[in-house]
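Some structures to go through are shown next.
Two complexes, one shared chain (chain A), two partners (chain B, chain C).
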Partner chain A sequence: MDDQMQKKVNDSNPQDNLPNKNNLFKRIVAFLVNGFRKIGQRLQHNVQKSYFVFKDGSIGTKLSHIIMGFGNIKNKQIIKGLMYFMIQVAFFLFMFTSPLVNSTPLGIKALGNFITLGTEEGDIFNPTDNSMLMLLFGVLTIGIIVMFLFAYSSNIKSAYKSDILKRTGKKLPSFKEDVLELFDGRFHVLMLTPAIIGITVFTILPTIFMILIAFTNFDSLHPAGLVLFDWVGLDNFKAIFGGTGEIAVRFWPVLGWTLVWAFFATFTNYIGGILLALLINKKQIKFKKLWRTIFILTIALPQFISLLAMRNLLSEYGPLNTMLVNSGIIEAPIKFLGNALNPTTARITVILINIWVGVPYTMLMTSGILMNIPTDLYEAAMIDGANKRQVFINITVPYILFITTPYLITSFIGNITSFNIIYLLTAGGPTVPGYIAGSTDLLVTWLYKLTIDQAEYNIGSVIAIFTFIITASATLLTYRRSKAYKEEDAFQ
Partner chain B sequence: MIYLQRKGENYMLKKKLVLLLMIVVGAFTLAGCQNKSPLTIWVGSESQAFYAEKMVEYVTLYNSTHSEPFPYDIVVKAVDSASAAATFLDDTDAGADIFTIPHDNLGKLITGSSSIAPITKQALLDQIASDNPAMFINVTKGVVGGTEYTFGVPYVAQSLVLYYNKQYITPTQAQTWEGILEAAVAANKQALSLTGSDGFNNSFLLLAREAETKATTLQLYVDANLENNYARGDDTIAKLKWGQRFFNHPNGARMPSDSGWEIELKNEISLSLIGGAWNFKAAQAALGSNLAITILPSFTLTEADAYGTIAAGTVFQSGSFTDAKMFVMKKTSDKLAYLEDIIMYLSSKEVQEESYVAAANLPAYKNAITEFEAMQLDNLETQLAIAQINMFEHGIPQPFGANSRFNVYYYQKGAPDLIVEILRNTNNAFSTDSAIMAQMVIVERVWKTGLKE
Partner chain C sequence: MMKKTDKPVKYKSMKASENLSTVLSYIGLIGLSVIWLYPIVWIVLNAFRTEYNDQNQLIGIVVSHYFPKAFGFDNFVNLFTKTQFLTWFLNTLLVASVSFVLSTLLTLTVAYVMSKLKFKMRKKFLNIAIILGLFPGFMSMIAIYYILKALGLTQTLFALMLVYSAGAGLGFYVAKGFFDIIPNALLESARLDGASNSKIFTKIVLPISKPIIIYTALLAFIGPWMDFIFARVILGETNTHLHTVAVGLYYMMYGERADSNVFTLFAAGCFIVAIPIVSLFLSMQKYYIEGVTAGSVKG
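Up next is the complex of A and B:
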C-alpha cells in the first residue's frame, strides 16, 4: 500500500488507527461536540421557524404570541382557545402569586430562592428558610416553566395551523372533532402525555434535584429548615480526590471492592448456572424436573429470608460453627461474616453465599435456552463429523452467549447496586476503624449509611452520581459491543 | 361491515383505556384529600398502649372540665425514641406534635432556629424543677440565638446495669469484675457480653471513676464546649490497659458476635451482660429464673495496669451514661396551645408511677424509690429500677444535647472503633503505653473535630 493510499484510508476512518484509549476519548469528545452542534442547529432552526410563523401568520396568530389562544378564538375555535388562555392565566397566577407550600413559595419567588437557597436564618419563634424545599421548588418551577413553554409553542402552532387550513379553504376542526381525534389519529398523544408528565415529575425532576444536592453543603450539620445550606460548587467532588475525610479515604477502596464484587458475583453465578443447567440437561441425568424444582426453591423463598437464615447458620455460635467445634474439626468458632478477623474471609463468604442465592436464576434461564436450541444444528454438526467438544464450543456456547449477554450486563449492573446481600449478611463489616464504610460495603450500602444513618446527603449524592456514571458507562459500552446488539436478527 | 365493527371495537378499547386512566388519576386525587389532622404523639413501642390509654383518660378529663370538647382526635404512635429525632427531622411537617427523645438528641433538634418549641407555661416549668434530679433538669435546657430555654420534660430515666447468671455468679462476686472473672474461669465460660461496641456501651470503662474519690480526668464536652474534651489522663490510659487485659483473657469479656448477646447468655457462652432496661425482657427470656440484676461492678488495677500517677491497687467503679427521656413539642404545630397541658399530664408523678407498673419505664421522678408503692416490691423489675437509680451516682448524662456536632463527633466519626482497637489489641498493636496514648490522641481529636487527622 503506497503512502497516498494509506493517507486515504486514514482520512476515511481515522479513529480505526488510533490506540483504543484515544479512540474512546475521541469518540466521547466527538459525541459531545456533535450533541452541542445539533442542539445549536435545532435552536437556530426553531428561531427561524418561529420568525417565519410570526411573519406569515394572521393577526390572530401574531396576537397568540402575547395572549395564548387568541388565534383559535378568532377562528371560532372558542373552547380550544379558552383552554390555552386558561393555561396562560394559571401559569401567570402561579408565577406571580407564588403560592406557599409548607411556608416556602413556588413560582417566581422560587426562582430567586433557587439561587440563594434561603436568606432568613430564623430564631426560636420564627422558622428558618427551608433550603431543601427551596431547591426542590426551584427545580419544580423550572419544570413547570418548561411545560408551559411546550403549551405556548403548541398554542402558536395551533393558531398557525388554523390559518393554513383557512387559507386553503379547508374546514377548521371543532372542539368535538379535536377531542375525537385524540381517540383516533392522535391517540398516542393522549396516552403518552400522562406517562411523560409522570416521568418528568417522578423521575426527571427528582434526579435533577438529587444531582443538584451534590453541589451543596446539605449534610448533618445543615438540617433542612433549621440551618441554611448553600451552593459549594465542586467541593464535594474535590473531596474524593484529596483530604483526610471519609469520602477521600474510603471512596476508592469501596469502589474497587464494588467492582471486584460485581465481577465475581456476576460470573460465578453465570458460569455456575450454565454448568448446572448443562449437567441437569444431560441425557444420563434422571428426574430432571425434580432437580430443577429443588434449585428453584431458593427463588421461591423471599431472598431476605434465605440470607438471614444463612447469616444465622454461619454466625459465630450458629449451627455450622457449633457442629465444627463439637466434632473437633476446629477449636474455636470461625468468624465468617461482619465480624470476621480478616476482610477477605467475609468477602469470600458473601460471594459464596451469593452463588447459592443466584445460581438457580441462571440455571433456570439457561435450561430454557438449552431446551430450545434447534436440534437440526446438532444433527448437521454430527453429520459433518464434529465431536462433542466442538459441538459444545461452536453451537451451544455461542447460542447461550448470544441470548444471555443482555442478562449478563444487567446482572453486572444489578450486582454493582446490590444492596440486600451485603447489608443483610455483613452490614458492611468488618469495620474499618474510624470510618463508616466497612470492608464489604458496596457503593450503595455506603450510600445508605451516609444518607439514612448519617444524613450526609451531599456526599451521598456524589456517590450516587458516580454509581450512575459507572453503571451507565458499563451498560452502554458492553451492550453496544455485544453480538446481541450488533447482530440483532442473527438467531431469528 | 367488518371494518366498521373493528373500528367500533377499537374505539371502545380506547375509551376503556382513557376511563382507566381517569380512575387512576381520580384515585390519586382522592388520596391527596385530607381531613382535619389529628394531634399526634410518638412514644416508644413498649409504652404505646399505655400512653394511648392515658390519652383517652386525658380527653375524658378535659371534656369534663371544659365547656367545649377536646377539639382534636389524638393518635399515639409507636416510634422508637432513639430514632424519633432523626425521623422527625426528615420531615418536620409530617412529624408528631409531641414526641419523646433521649435527652442527648436535644442538640440536633435545636440546631439553628430549633425545630421544637420551648416550654413557656410556668406551671410546667415549676413541675420540671420540683420533680426531677438536678442532672436531668440541666439536660432539658438548650441555647438558641444566645438565650437559654427549657425544651424537654423528663418522664423516663435509664442507665446501664449488670444482668448476670446467678447460677454461676454469686451476689458477692457480682460486685467486682474480678469476682465475675473468677466465676467465669471456674465454669470455663466467658465473663461478659456486650450488646454493642459503640460509644454508649464502652461507657462502663471510659466513664469509670476512682471508687474512693469519684475522681476522673476524662472530659466530654464540658460546659458544652468542643474544646473541652480530654482522653489522655493517666487514669484513662490505666483503665484501658485493664480493659485490654479483661477483653483478652480467655474467660474475660467478649466483643459482640453476630450470633447476638441473647444466644451468648442463653447458651451460657458468657455469664453476664451490660445492658439497659430495654434489654430486660430479652435477658429474662435468655436466663429465666437464673437472671439477677445489680449495678455495674468495680475493678482493681494490677501492676500491669498501673500508669503514671495511677498506682496498682486503685479501685475503679464502672460508670454509665445515665439518661432521661423527654417529651418535646413540634415548634410549628398548629395545636401548640394544647400541648403543654398534655405533657404536664403525661409527665406527672402519678402517670410516671403507672407507667412504671404498666410498661416497666423507670420514672425520672426524683423521689420515686421512696414514694412509689410499686418500687417497694421484691421482684426483678424493682431490682432493675433500683440498680438503675443507684447507677445514677456513678454516671453522667450524655453531654451531647447542647450541640448536634457533639453527638455526631462522639458516636459517628469512628472514635468508638478506635477504642475497640485498643481493647482488642490485635497483633499486639496496642501492647505499649505509647501506642495506647497515640490512639487516644486521635480519639480526642475526633471528639473535638470529627476528623482523625
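Up next is the complex of A and C:
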C-alpha cells in the first residue's frame, strides 16, 4: 500500500496538474495524491498525539494501554472501566481460542487461513478446507479487530479525559450521567450505533468479501468445501481483454447494451413523463386527480405483478398478438420478448414496456415542479408580450431542464442497475448460443445469473466492480453538476 | 392575476383553437389511460376467469381472447385450497410488519442525526453512505447468504427481516431532505429551554414530520411484498412453506415444477396481493408525492 502511494506521489506533482481542468485523468490522480497526503498527515498527527497522551497521562492511563478500563476503574468509574475490561477479555478469548463455526476457525487462525485460503485437500475421511468460509471469516476477523481498535482507542481517550477532569478539579461523570449523556450531547452515538452495526454486517463486510472474490478462482469448478480455491491476482480482469471465455466474448456487448438501454430508458421516461405532466396539468383538463391516479396505479402495483402480466400479455398466443393478427396489422404472431427471433425486437419491446413502467414516476415528479414554477417569470413574459408558445419554449422548458438535471443523472444510474424489468420480462433472452449472457441481459442481470444460477462467483464479482465504476463515475458527475448549481444560481 | 388583463383579447382570437386543443388533450389522455390500464385490467379479468374445457377442467393457461367468457371465484378457491398461498401471504405480512417498524425507526433516526446534529464524523458518514449505495445490492447477496448461514439463519423468515431492516440505515436521503427544511431556530429555542437532544427529536421533530414518517413507513411496508431478488436467494426454491408472495407466485409460474395451466391462479394471487397494497398506496399517495418531489428537487 505504502509503496503504491509513494509511486503515485513521484509520478505526478499535484500543483502541475490542477490548472489543467480538462484532463480528467490527471485530476483524478491529483485527487488521489492529495487524499493520500492528507491521510499521511492525519496518521502523523495521530501518532504524535497518542505519544503525548501516553506521556502526559496518569499511571492509570498508562496502564490502560495494557489493561483496558484500568484508568476508569482507578478514577472510580467502575462500571465503565469494567465494560472496557470485558471487551478486552472477550476479544482475546475470541482471538486465541479461534472458535469453530461450520468447522472453520475464526480468530487468529482465520488470519492465517485468509492468506492461504486453505491447504487441506481432504479425502473420504477428512473434509476439504472450505476456502470460501476461510475468506469470509478472514474478513470478519479483520472487521472485529478494527472494531476492537476503536474500543481500545476510546478506552484510552476516556481514561485520559478523566485524568484531565481530575487535574482541573472537576467532578467525574458517574455511569448514570454517562448514560444520560447518550440522550443529549452524544445522542448521535446512540442513534447511529444500530444503523452502523447493520450496515457493517450486511453491507460493508459482504461488499469487501465480494470484491476480494474477484481476485480468486472461486467458480463453478471450485465449489466451496469440495475443491480448494486460491488467490489469482488480476487474472479475472485480464480475462475480459483476451481469450474465449464467457467474460471475454460477452463483456463488451453486454456493457454496450447496458449503456444503450440506460440512455433510451432514461430519456424516453424523462420526455414522456414531462409531456404527460404537461397534459394533465393543462388548465382546461378536468378530473386531474382521476387521470393522475390511473397512471399512479403502475407505481402502486408490485413490479413482479405488472411485469409478469406484461410478459404473458405479449406472449405468442396471448391476447395482444391475437388482436393484432385479427385486425390485419400483422400476419403472424410476433415473439416479442425472451423468445424473439431478432434481439432488436426484444430490446425495443423492453424499452417500450419501460416507458409504461417509468413514465408515471417522472410525471409525478415533474408535476410538482410544474406547479412550483415561479409566477413572476410568467408575468414578466406576458408583460413583454410573449405568446403561449414562446412562454413554453423560453420559460417552462428551460426551467424544468434546469431543475431536473440531477434527477436525470440519478435515473440514468438507476437504469444501469435496473434488474426487475429485464429479469422478469425476458430473463436476458433471446439467448446467445453457448453463453450465459443473453442479448437483453444488463450487467446486473448477467451478474445475478453468473453468481446465483451458475456459481461463477469470480467473474460475477469482476462485473460487479465494473458496474460500480460506471455508477460511481456517473455519480461524481452529478456531484459536480449540483455543486455548479449552488454556485451559479443562474436561472433565477 | 396576469390572466385578467389578457383574457378578453386572447379568448376571442384563440377560442376555436383552444377548444380543439382541449378536445385533443382529452382524446390523448383517454388513449393513454387505455394503454396504461390494458394489462392491469387484463390480469384482474383473468383472476375471475372461469372457463372449463370439454373434460371439465379449468382452463388456466393464457388464452388469446382478452375478455373471459365466464366469470367466477374458482381460481380464488383453488388458490387457497390447492396452493400454499395463504402461508405465503401470512409470511409476507409477518416479515413486512416487523421489518417496516425496524427500518422506519432506523431510517428516521439516521436521517435526523445526519440532518440536524453536528458531530465530528458526520461528513465522513455521508460520503461512505453514498459510496456504499453505488454497489449493486445483490453483489453482496452471496456473502450475506453465507454470513446468515454461518449464523444458522438461512431459510428462515427472521433472516429476511434482518436483511430488509439492516439496509434501511443507508436509505435516509429523502427523510434527511425533509428534516433539512425544519428551521434550526425551532430546535435552538427548545435547546435554550433546556430540552435534551432526545427530547427535541421525540417531542418536537417527530410530531411535525408526519408526511415523511408515513412515506418511509409506506415504502418499508410495501418493500417485502415487492422484493423477490433477496427473498429468492435467502429462502431457496424448495422451501415453499417459507416463501413470500412474490417468490411463491414467481416459482408457481416459472419454477422447476412450473405448470403453464396456473396463469389464472397466478392472476388471482396477484389480485389478492394488489388490493391491499394498491389501496394503501393510493390512500397515502399525497405523502408519497411529497416524498418523491422533496427527493427530486434536492437532487
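Methods note: the second predicted complex is superposed on the first by the 443 of 492 C-alpha atoms of A that agree within 3 Å, B and C clash if a C-alpha of one lies under 4 Å from a C-alpha of the other, contacts with A are read in each partner's own complex, and residues count from 1 in each chain.
Assume a residue touches a chain if its C-beta (ideal position, glycine included) is under 8 Å from a C-beta of that chain, and two chains touch if they have at least 3 such contacts.
Small disclaimer: the values here were computed from a predicted structure and weren't measured.
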| item | value |
| --- | --- |
| Chain B versus chain C as contact partner of A:191, first or second or both or neither | both |
| Which of chain B and chain C A:454 touches, first, second, both or neither | first |
| Partner chain in contact with A:154 - chain B first, chain C second, else both or neither | neither |
| Touched partner set for A:44, first chain B, second chain C, both or neither | neither |
| Residue contacts on chain A - larger count, chain B or chain C | C |
| Partner chain(s) touched by A:126 [first = chain B, second = chain C, both, neither] | first |
| Partner chain(s) touched by A:435 [first = chain B, second = chain C, both, neither] | first |
| First, second, both or neither for A:226, with chain B first and chain C second | first |
| Which of chain B and chain C A:318 touches, first, second, both or neither | both |
| Touching partner for A:97 - first (chain B), second (chain C), both, neither | neither |
| Residues of chain A at both interfaces, chain B in one complex, chain C in the other | 102, 183-184, 187, 190-191, 194, 312, 315, 317-318 |
| Interfacial residue positions of chain C with respect to chain A in the complex | 1-2, 5-6, 18, 21-22, 25-26, 28-29, 32-33, 35-40, 42-43, 62-66, 106, 109-110, 112-113, 117, 119, 122, 125, 130-132, 134-136, 138-144, 146-147, 149-150, 162-163, 165-170, 196-199, 201, 222, 225-226, 228-229, 232-233, 246, 249-250, 253, 263, 266-267, 270, 273-274, 277-278, 281-282, 285, 289, 292-293, 296-297, 299 |
| Residues on chain B engaged by chain A in the complex (per definition of touch) | 11, 14-15, 17-18, 21, 25, 86, 89, 92-93, 108, 111-115, 118, 144-145, 147, 149, 255-260, 263-264, 267, 269, 331-332, 404-405, 408, 412-415, 417-418, 420-421, 426, 442, 446, 451-453 |
| Residues of chain A defined as touching chain B within the complex | 102, 121-124, 126-128, 183-184, 187, 190-191, 194, 220-221, 223-228, 244-245, 311-312, 315-318, 335, 337-339, 341, 431-436, 453-455 |
| In the complex, chain A residues that touch chain C | 101-102, 132-133, 136-137, 140, 183-185, 187-188, 190-192, 194-196, 198-199, 201-207, 209-210, 276, 279-280, 282, 284-285, 291, 293-306, 308-310, 312-313, 315, 317-319, 321-323, 356, 360-361, 364-365, 367-369, 375, 378-379, 382-383, 403-404, 406-407, 410, 413, 417, 419-420, 444, 447-448, 451-452, 457, 460-461, 464, 467-468, 471-472, 475, 478, 482, 485 |
